[in-house]
Every structure is written in C-alpha cells, then in structure tokens.
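Pasting a structure here, questions to come.
Letters are used for the chains, namely A, B, C, D and E, taken in the order the chains are written, and counting of residues starts over at 1 for each.
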Amino acid sequence: MSKLKRSFHQPLLIGFVLMIVIWYVLHLVIATRTIPAPVETFDYFFRHLNPLIIHMGASLLRVLVAVILALLIGLPIGIAIGRRKVLDKLLSPLLYVIYPIPKVAFLPVFMLLFGLGNVSKVMLMLFIIVFQLMLSVRDGVKDIPPHYFKVMQSFSAKRQHQYRYVVLPAILPRVFSSLRISIGISLATLFFAENYATTYGVGYFILSAWMKMNYVEMFSGIMALSLLGSVFFGFIDVLEKKLTPWL
Amino acid sequence: ACGSNNDTSEEENNTDDASENLSPTGETITIGTLPAEGSLPIILALEKGYFEDLGVNVEIKTFTSPNDRNVALQAGELDGTIGDVMTTAAFVDRGIALKITSDINEDFKILSSPDSGITSMNELAGQDVSLVPNFILEYIMDEFAAEGDFTYTIVEIPSFAGRAEALLENQIDGVIFTEPQAGLLVQQGAHLLGSSKEAGIKGGTLLFTEETITDYPADLTAFYQAYNQAVDYMNKTDATEYSDILTTYQFPEAMSTYLNNKPDPYEHAGVIDEDQFNRIIEWTESKGQITSSYTYDQLTDFSFINK
Amino acid sequence: MKPFITLDNVTYQVGGHVIFDQLNMTLDEGKIYAVIGPSGVGKTTLLHLLAGFIKPAKGHMTIAGDEIRDVREKTSFLFQDLGLFPWQTAAEAVAMPLKMSKDRSKTDTDETVDHLLSSLNILNCKNYYPHQLSGGQKQRVALARTLITQPDLLLMDEPTSALDAMTKETIQQLFLDLQSERLMTSIFVTHDIEEAVFLGDDIIILHPQGHCQFLMNKEKQESLSRETKAFYDQCFYVREQLKLGASKA
Amino acid sequence: MSKLKRSFHQPLLIGFVLMIVIWYVLHLVIATRTIPAPVETFDYFFRHLNPLIIHMGASLLRVLVAVILALLIGLPIGIAIGRRKVLDKLLSPLLYVIYPIPKVAFLPVFMLLFGLGNVSKVMLMLFIIVFQLMLSVRDGVKDIPPHYFKVMQSFSAKRQHQYRYVVLPAILPRVFSSLRISIGISLATLFFAENYATTYGVGYFILSAWMKMNYVEMFSGIMALSLLGSVFFGFIDVLEKKLTPWL
Amino acid sequence: MKPFITLDNVTYQVGGHVIFDQLNMTLDEGKIYAVIGPSGVGKTTLLHLLAGFIKPAKGHMTIAGDEIRDVREKTSFLFQDLGLFPWQTAAEAVAMPLKMSKDRSKTDTDETVDHLLSSLNILNCKNYYPHQLSGGQKQRVALARTLITQPDLLLMDEPTSALDAMTKETIQQLFLDLQSERLMTSIFVTHDIEEAVFLGDDIIILHPQGHCQFLMNKEKQESLSRETKAFYDQCFYVREQLKLGASKA
C-alpha cells in the first residue's frame, strides 16, 4: 500500500508544481486581470475549501457515473464493431456521422427526456464520451494481431473465451488510454453540463465565477477541477499498473 | 463643421450643428452586438451606410452570448458594446474604465409556461423562474417581485435555447426573455405576464471605453447621429424591406413581423435617469457584484446624444 | 489401419502464388507423419489446411470421414511462431485450454499443468511471462499448451527447432509416450532429418511446386535406436531424396 | 482512383442513411419541436445549400489548420514523453493536471493574446485537442515492444533513425485513431469557437439557429457538420489504408 | 592470434536468478566460436552481454581493448526471435542498416540488397511483409539484415534453427565465404551439434550454473568435410560433454 501511495502522490505533486510555475510566468508576462496570481488564488482556495469540496464531490459523482455507463455501453459495442466485419461496415460510418455533432446542441432534447436534474447532466456527458470510447475500442480491437485469434481458433475457443483470453487483455492498455481521454473530456464537459439548474459542481462553480468575472474564484475552481482530474488519472495509472503486469 | 459631410440621405435629421469644431477621426470603432432588438439601430446604421456617410468607421462584432461579449471587452477587443448598467458597474469595479453613453431600445418580457396555468405576475410567487442571475434579467424579475411583493426560486439556465425549451416543456414555471425570443415563445403557447418597458424599468445601455470617449468624441457624436437616423428609418420603413439584413445578422424570420406589429415606435438614443441608475447600482451592490457604490457621474456620459 | 485423413485434388494459392496444385494424400489413423521439405515450400500451409484455418481453392479434404469445414475440436495445433500471448504466464497459457474445455476443479487443473510443465522441464518458469522466457522455454510452453488436451489429431509445426539436443531427446521421448498412451494421429513438420526418421512412421517430403513424396520409414518399423547403422542409412536416404527434389526443381 | 472513390463514398452513404433512420424514429417517438422531421430539414438544407457551403468551407479551414498545428506540436512532444523517462516523469503529471481544464474558460486569455479573429478560434481548438493528441501518442509510443528498440540499438541506430524506422511506423495506426478523435472534438468545439465575432462557420450557423429556436435550421447545420466530419473521417480511413499497407 | 574479447569475472543476474557467476573468457580475433548448451542456460544472455544490450552486475568486459559500455557500431547481431518489423518488406528491412550507416546511392543499395537476398535464396520474397513470409524465409531476411553491413564482430543467436538441411548448408557456406572475405570474429549460438562442429573454430559449451567449457575444435582445423569419420567422432565427443554437464548439474 505504501508503495502504491508513493507512486501515486509524487507525480501529482510534480504536475502541480509545474503548473503553478507556468501559471505564475503567464501571470507575470501577460499581466492581465484574467490570470490572477497563484498565491492569491491559493489563499482563496483554502479559505473556501469547504464549499469547494462539496462542489468537487458533486462533480466527481457525476463524472464517475457517466464514465462507468460509458464503459458499460461503449466497451461491448466497440468490441463488437471491431470484431465483426458486418457491424463495422454498418456502424462505423454511423459513428463517423454522429461523433462530430456537438452534443451540447441537443441540450433541449436531453432536458426534455431526462429533466433538469442529474440524469440529464450525466446523460449529456455520457453522450459526449461514449462515441469516442467506442471508436478507440474499435481501433484497439482491430489492432490485435489476427494471429492471436488463430491461436484461439486452434483451441476451438468459444466466443466468450476469445473475449476473455484475447480481446480483453489485448485492449486493456488502450482502454486505459481512452479512459484517460474520456475522463478529461467529461471533466471539461462539466462546464456545460453543470451550467443549468444546479448550484453544485465544479463546472457550475467555474462558470458562475466566470460570469461574475471573478477570476480568482474561477481559478480556484479550475484548480479544483485539475485536482479532481489528477486524482482520477493517478488512480487510473495505478490501476493500469496493477491490471497489466506483463507490460 | 464636418468636412466629409456630403450626405444627401434623410433630411429631417440633418442637424449639422455639431457643437464641437471637430470632425470624426475615421479610426475604427469596434462595437459588440447581440442578436437582440437593442442592436438593430447599430446594425442598420452600418448596413445602410449612415456611419460611413458621417465619416465614422464602425465595425460590428457579433456575439451569441453576453458572456462572450464580456470576455471580448475585457480582452480589450471592443471599444463599445450594448450592455446594461450592472455590467458597466461590474467592469468598472474590476478596473476596466467604461462609461454609459445612452440607453437602448429593449423590452424584457416575463412569460409563464404553457401548462402552468399562470396568467398573472403574482401567480409566480414561490414558482421556479429561469434566468441568468446577477445581471439585468434577475434585476427586472426582482423589480416585478418587489412590486407584487412575492418571492420566487431561481433556476439558472444560461443557454437561451435551454431556457426556452425548459419553459415550453413546462419544466420551469416562468422565464424572462427579450425580443425576438419572447414573441416566439408566446406564439408557442407561453403566457405573457409583463413587460419591462411597460413597467418603466430600463437597464439596457450602450457603453464605451473611457479611452474611446476621450480620444474620439466627434466619432461618438457622429455615431449617435447615425444611430438616430437608423431609428427614424426603422420607424418609417416596413421591416420586410430590410429583412435580408435581419437574416444576415441571424434574427429569426418572426422578427420582421414583430417589428411591424410593434405598437410604439423606436426611440432615439436617450438617457438613463439618475433614479433608475441608483436603484440598479444599489441592487448590484446588494448582490455582491460590486464592492463599492458608484455615482451617476462616475459611470455616465450622455454628452454625445445631447446633440 | 484405416484412413483418417484424405486430401483429394487439393489446390491452394496465396497472393497469386500456387502452393499446392491438385494434391492427393491419404493418412492413416494412429500413425505419426513427419513432414520435411525446403523452407517456403508450404509445410506450414499444409498443416494450416489440415487444421481448417484456411480453405483450399479447389478439392476436398476429410478427417474421420467428415469434410473439413472449420477447426475441429479434437485437433491440437502447435504454431511455428508459437503464438504465446504476452499477458499470460507459462502456467496461465497451459491452463487455458483446460479451463476452456471443461469444468475441472482448480486444483485438478493446476496439478495437470504442473505435471506437464515438469515433464518438459520448465516448472521453474511457470510464473514467467513470455518476455522472461528463453527461446527454448517459450517453445516448450507452447508445446505444453498444445499437448495438455487430449486430441485425436496433433499438428505440430517444428516443435523442437529451438531446443538443444538433450532437451529435444527428452521431448521426443515424451511425445512417443503420449502417442502410445492416446489413440491419436500426429503430423509434424521438422527440419531435423534425424528427428523425422526417429519419430515418423511415414515421412512426407514436400518438394517445390507442391509435389509430395511418401517414404515408408523402414527404420522406425524395425527399431527405435538411433545408435544403429540402419538409422543413419535411412537419414542419408531421406537426405538424398530431399536433394534430388531440390535439384529437379 | 475509382477504387479509392468507391471505398470512400459507400460507407458515408450507409452512415447517413442509418442516421436518418434513427433521427426519424426519434422524431416520431419523442415528438418534440426540437427534433424536426428529416424531410423538412433536407428541404431546408438543399434550399440553403449555398450559404451552408460557405459556412462549411470556413469551418473546414479552421479545423484543418488547428489539426495540422496540433499534429506538428503534439506528435513530437507526445513521442518525446513516451520515449524519455525523465520527460515522462516531469510532463505526464503536468498533462494530467492541464488536460481536464475546460479550455473554454480561458477564452479571455485567448482573445487577449490572439484577438477576436480566426487566430483565437484556431488556438482555442488547438488547445482543446493538442493535449489529447499528446496523451494518445505518448501511450502509443509506450506500447511499442521494447524489443524493437533493441533491434535498432543493435544497428547503432541514431535517434533520428529510431524515429524514422520504428517509432513513426509503429504509432501510425494510433495517430490515425487519435486524429479521428481530435477531428471529432474540434468539430464539436466549433460550437464554442465560432460563437463570437464571426458570421461564418457551421458552428456559428448551428448556434445562431439554436438561439432563434429554428430547429429545422439547426438540424441542417448539424447535418452539414456531420457531412464535414464524415468527409474528414472517410479521408483519414483512405489515408490510413494507404499509409499502413502492412496491416 | 591476439585476444579480441575478454570477460573478467563477469556476474549477471535477472529477476533474482543468477545466470553467470564470475565468468572468465578470452576470445581471439578472426575466429568463429560456436556456443552450445541446454535451453535456458544463458546463451542468449551471453550474446546480449557481448553486444552491450545489458550490463553485467560485476566484472569487466572488453572488446578490442575497450570496455563495453554501449552497443558498438561494428557489432552485428541476429536475434533469436528475429525482430523483423511488421511494417518493413524483406527488401526494406535489409536495406535499412545500409541507409542508416552511409549515403550510398539508391541503386547501389538496391543492388547490394538484391545480391544478398538472392544468395540467401529469398529474392522472390523481397516485397513481402513478415506476415507473408514462411518461418525460414523470415529467418533468412533477418540474417540478411545482419550480414549486409561489414562488422568486425558478428553475434548470431540460432541463425539456422528454422531452416531445412539443404538451405542450412547453403547458408553455412555463405557464412564461411563471408568470414574468409572479411576480417571478423563470429560468435553464434546453435543447437545443432553438427553445425557447431562444422563452423566453429572453437566450441563453447555453456553448462548450467554458468559454468563454461572450451573445446578446441580439432576437426575444423583438419578438414571441412562432413563426410569423414573424424567429423562424426567430434560430434559424438561434443554430445558426450554436453550430457556430462547436464548430469552433473
């Protein structure tokens, strides 16, 4: 556990220190009110730690639910498309057509179908990340050396065994990679998902600070978001190390 | 006298008196607009060539949300914009020197959702009203609430379309919108409960940076001349005649109809009276948007419209 | 002995390149066949045809009377390039076919795996991933994975190419033991003429242009000892046949 | 060329037909004004083909520039991080911290630095996609079997040769995969990048239709966007086939 | 002959497993060394140490008087698992080392490549990607890639394991021709005792626990013919030594 902890916290620290350095340099060089000083922001951050933690919790939950749902939906569909030529021929073009559509434009539809509450926010995020996940998983499955399937065929392996012994382990590194991207996107998406009918969430916090033109507040929100992201990413790095021991 | 004053357009307003002995510099003045009724005179003055005729070089930057406009203003990309008193105060409070130079033609409507059964303002008591907090929308709603002595719940939906759809689908009870959206919503079954114009609430303004005001006074005077010409043009002309301009600036088709059926005419650029101004400033301060109070003189300069 | 496998006018080509042109062959049940021939002649391709991985362009192939349509459950295959998965340790790789085929208890599976690994002398590597194994260890892991189930047809593509002389002999012996325990037909490709003579009941020489020659392995019928003159005479004979084919081509 | 063309157009067609079917079903089932009928939208689309093509052209150019810049920046940095342990230790945490930040929140800074014109729009898109590209490329480089580098080492290959003969071909499939994602994201991002100081671009078109609550117009904009996306994707598919002949 | 390579008390271990414990060795310039030994004993590891891919935990290693710090430019290596890149055709793979080392003209490069491919009898596969090549063809492509430059030290890990007897002999001859043309020292691993005896000036037998034994290959000094009794006697002798080592372990 302590080893696990170490490998987890140290890079986080490096990331933050570097970010603060860059931030400070930008603050000095650009010298605009829209980039407040790091110290000032930290001060604000720690003085408002309490509400911020609640905001982070709310966002964390939303992102977590969206990501888990995206995995549950995107993984099997992506795998199916990658494995079966027919599905690839049919669904890949559909994905290509749907993928670039800005899902935010469907906010009205989401609101209509899922109300104004958490469901519609989660669904919005889900819709934003799930197609990306499908595409990555599909590409990952297509990259598996065909030879591996021949080996499984030689054991007359049933479909589920092919998935269990080849497809899943083979795409695992890819899944982690695209999980990082999905999480990054969903966190950035909070900015849109949490901008209606809620008063909780880091996205809301940043947005309302932005509208109030309170940049110190906005940057402490952004810090909170980064913190959330790094924790997610750190967790995924650890998980990846654990689950792909052969690499 | 203005050297380049060779206009042969609308005669009636050809008040060539321009007390200053300065002529417009012709430097580009960048103005931010929103697809709202208040921007129309500026757009028409540009498209009809009134600015050019008076030797003022206006460039329009269109924004789809007030937020983006604010961002551009902070970035120093705009010399002036349509906005409101509280926005001006908030900017000044954050160290960006601006002044209100006139009002704009604007009318906010309070609407209730089709199935809510709400047909009068006071029925909004205790109901969910969607708006963008801290700005003009909340102020106007607060004024109505104070008038009717009721309270309401804010459901924050910054996106225009999100708010509109939430209303039409009865997910919220009330909403506050300007034209042209308000008219569209009424067409689709929303109930009209009140209008800021009728209630005499006025918060929308044109504002310019301090720099523009000191460096280009003649340009601003000419700007307002052209603005008023455009208002006259609008009052005289059937909107279908300039519907192509409306389309270019992404106004909905219903805008023409609205303009033609509008009961009262558009008004020349005018002032925000001091009383109204102080009420808004007080409200803004109570919302924590500004840290200190500002006086009428600090934030306004109506000298350019007093021809 | 009854015929187990028949190839009837089998034609196969890949990338415009004809590998077999009207190949005919009958293989008997329970025998061991050694396939030898120059590199690139189509030995691997022949095994893949028999396994059902690829389909002939023309002609018919039957195993135990049935047309080969798909991969048979009772055929086991050892790939020339092994096909070990980077994510499986030696023990996991060898246990996989057992886990897939039936519901054995875990301890039963583990025991069977350990036993086979130790007869192949790689029990000490059981928890190594492929990248931690030496070439010969990898080959033995792949071999174990092929042998762990009980097939009636065993197809092996150069099963001992990466093994030293001593290990090779151990494994040849293990293979002969298995062959006598189980009723199975085995076909293996080798470049080692001595191995072909030592193990094969019949030797199939594949010549260029898909011409194929059967040699009854007299030596094998008489004695299993490598130490006789007859054994080396037979090796020499096979060698001559190979050379002859090459020079004709 | 005709072969190239065929493999390109057919799947596009499938994608569109499927999309229209789904759209029609949603239109019928949800029965809301916010999802207009496909026919009606097509009618509008073709009647307004002329302005739409100009909008598409503007957006195409912006996306193209952003994607090319993202490649020029993200590819070398991603490769460097993937190859050098030190950089990985230093920059990966920074990426983790920066990646989830909603770049749209920095619009003021972008406007300040790059004005209101195309430069700031392109920069915004660039910033949104470049980190994702770096992360994917990094992951791709890390996935290259270490063995390949040993082979190159055995030839005393110089750094540039390692890149030329191993790294680039090895990550090519990944680059295509993440190029698809980048393009998808930048197209969706047009919705934010084209909402100020422009009257051209599909993003602007959709957004302004949205504000006018003209859903038929909005959907024809979305159709234009999808079309743009599919053309991009189809092009990438063809390019991928050409450039990775060994797969 | 002067010493070219020296190993001085070299210790190497991997994953807690000691492979060499204080290994000492001196190899002369211009000679051919054959390394044999049981699978997993550390033959590949020894070659990797000599190539400079891995560093010993203790001890010193020099080549031509210089401590081995990194991979030398004039060392060529053939990997046991070949290490062909899926994205290079045979011709591209073989041309790569030439393209990297100097600015030859394209036609010059192409000619050199074609010539080598045809002496290895794989010119017909020059535009094939690895997955289109047979096992032995792949091995020959990798071999060609190793031989195309002009190294002073050639390290080859089982260069002929996937080749049939005839092809193997062709390549052995090619190798001897190259060796006499160039002044180079060659060390190769093989499981084929006859190959070791035929090619090696000296034979190094690696025994378990990293114990290593040098055999002067008398046969090689006397005659190159495989057809003599002395040749087979020598093979038999090497075999006995291998067995002895295995039984002691």
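In the analysis below, a contact is a pair of C-beta atoms (placed from the backbone, for glycine too) under 8 Å apart; a residue touches a chain by one contact, two chains touch by 3 or more.
Keep in mind it's a predicted model, so treat the numbers as computed, not measured.
Student: Would you mind telling me which chain pair, D-E or B-D, is linked by more contacting C-beta pairs?
Tutor: B-D
Student: Averaging each chain's C-alpha atoms to get its centre, pick out the one most distant from chain C.
Tutor: The most remote chain is B.
Student: Distance between chain B and chain E based on Cα centroids, please, to the nearest Å.
Tutor: 84
Student: Could you give the separation in Å between the centres of chain C and chain E, each centre being the mean of its C-alpha atoms?
Tutor: 27
Student: State, to the nearest whole Å, the distance from the C-alpha centre of chain A to the C-alpha centre of chain E.
Tutor: 50
Student: Whole-Å distance, chain A centre to chain B centre, using C-alpha means?
Tutor: Between these chains, centre-to-centre, one finds 40 Å.
Student: Residues of chain B that contact two or more other chains, please.
Tutor: 74-75, 161, 164-165, 169
Student: Quick one: which residues in chain C touch 2 or more of the other chains?
Tutor: Correct list: 81, 131.
Student: Can you list the chain A residues in contact with two or more other chains?
Tutor: 32, 34, 108, 112, 147, 210
Student: Hey, which residues of chain B end up touching chain A in the complex?
Tutor: Residue positions touching the partner: 67, 70, 74-75, 90-91, 94-95, 130, 132-135, 155-159, 161-162, 164-166, 169, 171-172, 289.
Student: Touching residues of chain A toward chain B in the complex: what are they?
Tutor: Checking each residue of chain A against chain B gives 32-34, 107-108, 111-112, 115-116, 195-199, 207-208, 210-213.
Student: For the complex, give me every residue of chain B touching chain D.
Tutor: 35, 61-65, 68-69, 71-72, 74-77, 160-161, 164-165, 168-169, 180-181, 184, 188, 248-253
Student: State the interface residues of chain E toward chain C in the complex, per the touch definition above.
Tutor: Touch residues, chain E against chain C: 15, 36-40, 43-44, 80-81, 122, 125, 132-137, 139-140, 157-158, 161-168, 191, 193, 239, 242-243, 246.
Student: Would you mind writing out the residues of chain D in touch with chain E in their complex?
Tutor: 147-148, 150-151, 153-158, 161, 165-166, 169-170, 172, 244-247
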